[in-house]
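Order of writing sets the chain letters: A, B and C. Residues in each chain are counted from 1.
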Amino acid sequence: MHSLFGNAAAVATGVFAAMRAKGRDTRVVAQAGDGGTVDIGLGPLSGMFERNDDVLFICYDNEAYMNTGVQRSGATPPAARTATTQAVGEHPGNVFGQGKDLPRIAMAHEIPYVATATVADLRDLEAKVEKAMAIRGARYIHVLVPCPLGWGSASKDTILLARLAQQSGLFPVFEAEFGEVTAVLPIRRRVPVTEYLQPQKRYAHLFGQTPDTETIERIQAQADRNLSRYHIDEVEI
Amino acid sequence: MRKQIEGSAAVAQAVALARPEVICAYPISPQTHIVEALSAIVKSGDLQPCEFVNVESEFAAMSVAIGASAAGARAYTATASQGLLFMVEAVYNASGLGLPIVMTVANRAIGAPINIWNDHSDSMSQRDSGWIQLYAEDNQEAVDLHIQAFKLAETVSLPVMVCMDGFILTHAVEEVEMPDQATVDAFLPAFEPRQVLDPAEPVSIGAMVGPEAFMEVRYLAHRRQMEALEVIPAIAAEYGAVTGRVRDGLISRYRLDDAEIVVVALGSVIGTLQDTVDALREQGVLVGVLGITSFRPFPLESVRDALAGARSVVVLEKALAVGIGGIVANNVRTAVAGLAIDVRTVIAGLGGRPILGESLAEMIRGVDDLDELTFLDLRTELVERELQRNRATRRSGPTAENLLRDVGAVGDPLSVRMPR
Amino acid sequence: MDKPFAITLDAGSSLANKTGSWRTERPLYLNSLPPCNDACPAGENIQGWLYEAEEGQYQRAWQLLVADNPFPAIMGRVCYHPCQTACNRAQLDQPVGINSVERFLGDVALQEGWQLPVEAVDSGKRVLVVGAGPSGLSAAYHLRRAGHHVVIHDAGPKSGGMMRFGIPSYRLPRDILDAEIQRILDAGVELHLDSPVTDVMAAKAEGGFDAVFVAVGAQVGKRAYVPAGESAKILDAVSLLRDMEGQQAPRLGRRVVVYGGGNTAMDAARTAKRLGAEEAIVVYRRTRDRMPAHDVEVQEALEEGVLIRWLSTIKDVDAGSMTVERMELDDSGFPQPTGEFEELEADSLVLALGQDTDLSLMQDVDGIEISDGVVHVDEGMMTGAEGIFAGGDMVPSERTVTVAVGHGKQAARNIDGWLRGIPFEHAPRPPLATFDRLNTWYYTDAPKTVRPTLDSARRVSTFDEVKQGLDEQTAVYEARRCLSCGNCFGCDNCFGVCPDNAVLKLPRGSAEGDNGRDYAFDLDYCKGCGICVSECPSGAIIMIPEA
């Protein structure tokens, strides 16, 4: 069912409440993009978390409003060019800020299960969905999904970029239960963030004739911080 | 059973008699007593099965109702004023999807300036939302309309808004005859959804519809409201048969038969008007009152019939279409188009301004001298002072603040003395 | 359900949006040639039988294997596995231990008594095979499978040729050799031992044969001239190894010198050690990197205590000692004498300087061209004489068991074609599945998330050097290390990553999809993004321009 942009979580709660009233065990999954999750839908989502309704909410995060022509969302990463954060001026691209880290916001609600995943590891994603469906209460899975159009990357590199996001440390893939991180996908082949950023035209302004090393270093620092924050191991295979 | 009961409590009990399966609400005055009472009824186990969902906003309240209704549950919520505006996107969505949700609107003004008292600005703003709108004259009718609203909604597959005047009705303790559960159960069968989210029979609800069919979707919605014009009286008659309280459903007529002057109104002011009419009739003024119960769909034919014999019609409105005037009056004019009837608009009671019988009587007596648009009991001295200030300084500013200063902190006879 | 007009739709209504119309390129499943298959002298479909083995389908794996090579248990012991040298996995971590999986399958087959299938209808044709070595036996087997009546004549007392008389039993146990040969005979091949053919044309006419395959091998040890005293004990390596199969072990003495640098030299030195020599010294005139012996053989010899004198030649030999001259490599890498001499104590000298063939049986046949001690054959393995084919060590090629087996197969196919009047034609070779076409991420990813037990598989991946057989578990895991280069192995990646659900998964093994795959592209919805190509682990999908 599609109702509105920002109300997927609340509609899901309604369906869940209906099922409970009717004594049925039909489970409810709600899905939204990053805008419908971290921006316009955050209120209902937070309410659903706080009530611990038996709903699995899945966010497909492509880091901007792609459908309407690549406008910035609360999930757009720093320095990324979008139609509303153009690569012009003194600080081209999106601003550096806290970013709206929805998985951690979800964890702050101490819901039974929070997980992140990328389209680069479908088996990991599948396992997390299965795990989530075995748990009752509010659950949240945040999936990174590259958008070739919005990121300015080749279609065929879609999975590759998702993989590099994780392998660079920029997108930590982990699981958390009741507010505590319980598992982290290790990084197998650590790559510098440049390997992830460079194939994307939304970061092209960082790699001009004189590369914007300061910005690149700030992005690298974010990746480094993720490694220590989530205790992400680098494993040799 | 007859009870001395607060309007909100009576409505809560009536809603519970209708056995909703999902109730969701976000508190806003003057709706709070209704949902408080329902929360107690659900939590105590008196109403089963039912889920009471405390949501984080009115937008979520309507969204939860949408989800619940789409999943085949009888769903109810209540709101008022800013709350109704906050859920507007979902209000339109519910009607667009044809989901038979019932919602109480405890009518209240809309800010700014902030005002918690009664008028009809909130529900009038949603007159084109595709919802059916019913207005209660008193708490007995509020109870009766809520029970009928579920049947109506589910019969025509449209959501129904039952509007009752905030504080004036919601907080007033009156004698109300409550139907018993068996009567309501016999009158209102279990919800058989027209469409339902069910994995066993998968459908996609809420598809995008392009130019190729959007007009038709809207036309069909209109058609359904037109059909409701027949369904509403039928349900009212059926309800009257089992409760003994027979109403037309679309309109209410009071001393119209020989009336030369008819006052048209919605909601609780009709009671005051009836008293006024009685007094004026004793003085020989041939006046009557036409109450509109169903504002959407608007009963053009019933209104035309009711007004056909009148010389002069006054539409008394608790809302203002800023920039033109009356809202209901426009609809009434459409109803009497071609008849030799003067239709005048009187705006009254905005933001809780009391509508005094005395003022009404004066207005009716002087009906022939009324401007086309009149503001009842408008404090012209306050307005004039502000207008003068504006002429002097030509600056935009907080008009409300200036007026309050002019009124004085306390002690004005018309000032704020409304129940919280 | 009384669905509202337009707003509520049946499931799948979005299928009306045919994203396939956006496409400018389309994907295509395409087999390409795995480097292992490409490198196998016997033409085995290695990737194919590894795939079956990894699924635990050992009999199917073995059947696929013996379709090309009837000696898996022998190959698993003596093949120098060029497949592993070519293996793409070597560029990732270490090559797949193909040889050891082959041995495992060969041994299982012997334990289980699986027989070689002969399903073809009897052709009524008779083929004479001269020589019961690897090449002759291989040809006989393939000809038999093609429905021909095959008779083998061998001059020796036992079958197997150089597999028996050239390879020591510590590398190839005789029960294994006997069993795999017997299986060919059980398939209906007739074998006559101690029956040398001295004139191939006469034998053909006498036996009423329609064709002949000659594979007499290279059995004659080369004798280089080394000045020697009368009491010096000099023998050749081939004779030494052959004598090992006799009743009495040869006597070599306490100190043995082997002269030469090939595999036979290593075998001779290691045999000498096993015969009790305290010292076995290989004298070779060049350096290790120029040595023709396979590295594994050299390594094992060194581990067993064989000594090697590099850059040395033997000048003369006398009883109990010999003179060795130190050599130097010139700019072209050729060894040049230095005039520096040294005495070496030795009781016997074994010459391992290569082997010659005895081609007297076809010396005078019209059209047969013999030069440099080998017979010349055309692409179809036929000599200049119509119906006379030849292969193995007696034709110009590398002299290994596997090459010989490959010759046998090639010859059999050509003989079969010749007999039937339909010349055999090789299927066109698909493009090589090179390393750069693989997406190796998925393989190294395997241990952690997909197949957690593969970690241990990786640790045991070098077992072939231990020369132990594999137990079932390790064999399966080793087979699973195969990258399946250029060939779909049903991993579902394309199915999973396709953003348009345009990869259709057909029933496993149905092969109804593109190019015989279990998948097909739904071109109504494939928008040609190429993700399936990028994410195919084995490089089995390509993009082609839309017509």
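By our rule, a residue touches a chain if its C-beta (ideal position, glycine included) is under 8 Å from a C-beta of that chain, and two chains touch if they have at least 3 such contacts.
Fair warning: this is a prediction, and the values are worked out from it, not measured in the lab.
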item: Selected interface, B-C versus A-C, where C-beta contact pairs are more numerous; value: B-C
item: Chain nearest the overall C-alpha centroid of the shown protein atoms; value: A
item: Cα-centroid distance, chain A relative to chain B, in whole angstrom; value: 44
item: Chain A and chain C, separation of their C-alpha mean positions in angstrom; value: 51
item: Separation of chain B from chain C, taking each centre as the mean of its C-alpha atoms, in whole Å; value: 90
item: Shared-contact residues (touching 2 or more other chains) in chain C; value: none
item: Multi-chain contact sites of chain A, meaning residues that touch two or more partners; value: none
item: Multi-partner residues of chain B (at least 2 other chains); value: 97, 204-207
item: List of chain B residues in touch with chain C within their complex; value: 96-98, 157, 194-196, 201-207, 209, 213, 216-217, 220
item: Footprint of chain C on chain A - complex, ascending; value: 119, 121-124, 127, 148, 154-160, 163, 186, 188, 235, 237
item: Chain B residues touching chain A - in the complex, by the definition given at the top; value: 21-22, 24, 49-51, 53-57, 59-61, 63-73, 75, 89-90, 93, 97, 197-199, 204-207
item: Touching residues on chain C, where the partner in the complex is chain B; value: 1-11, 13-14
item: Footprint of chain A on chain C - complex, ascending; value: 441, 444-445, 447-450, 496-497, 499, 529-531, 533-535
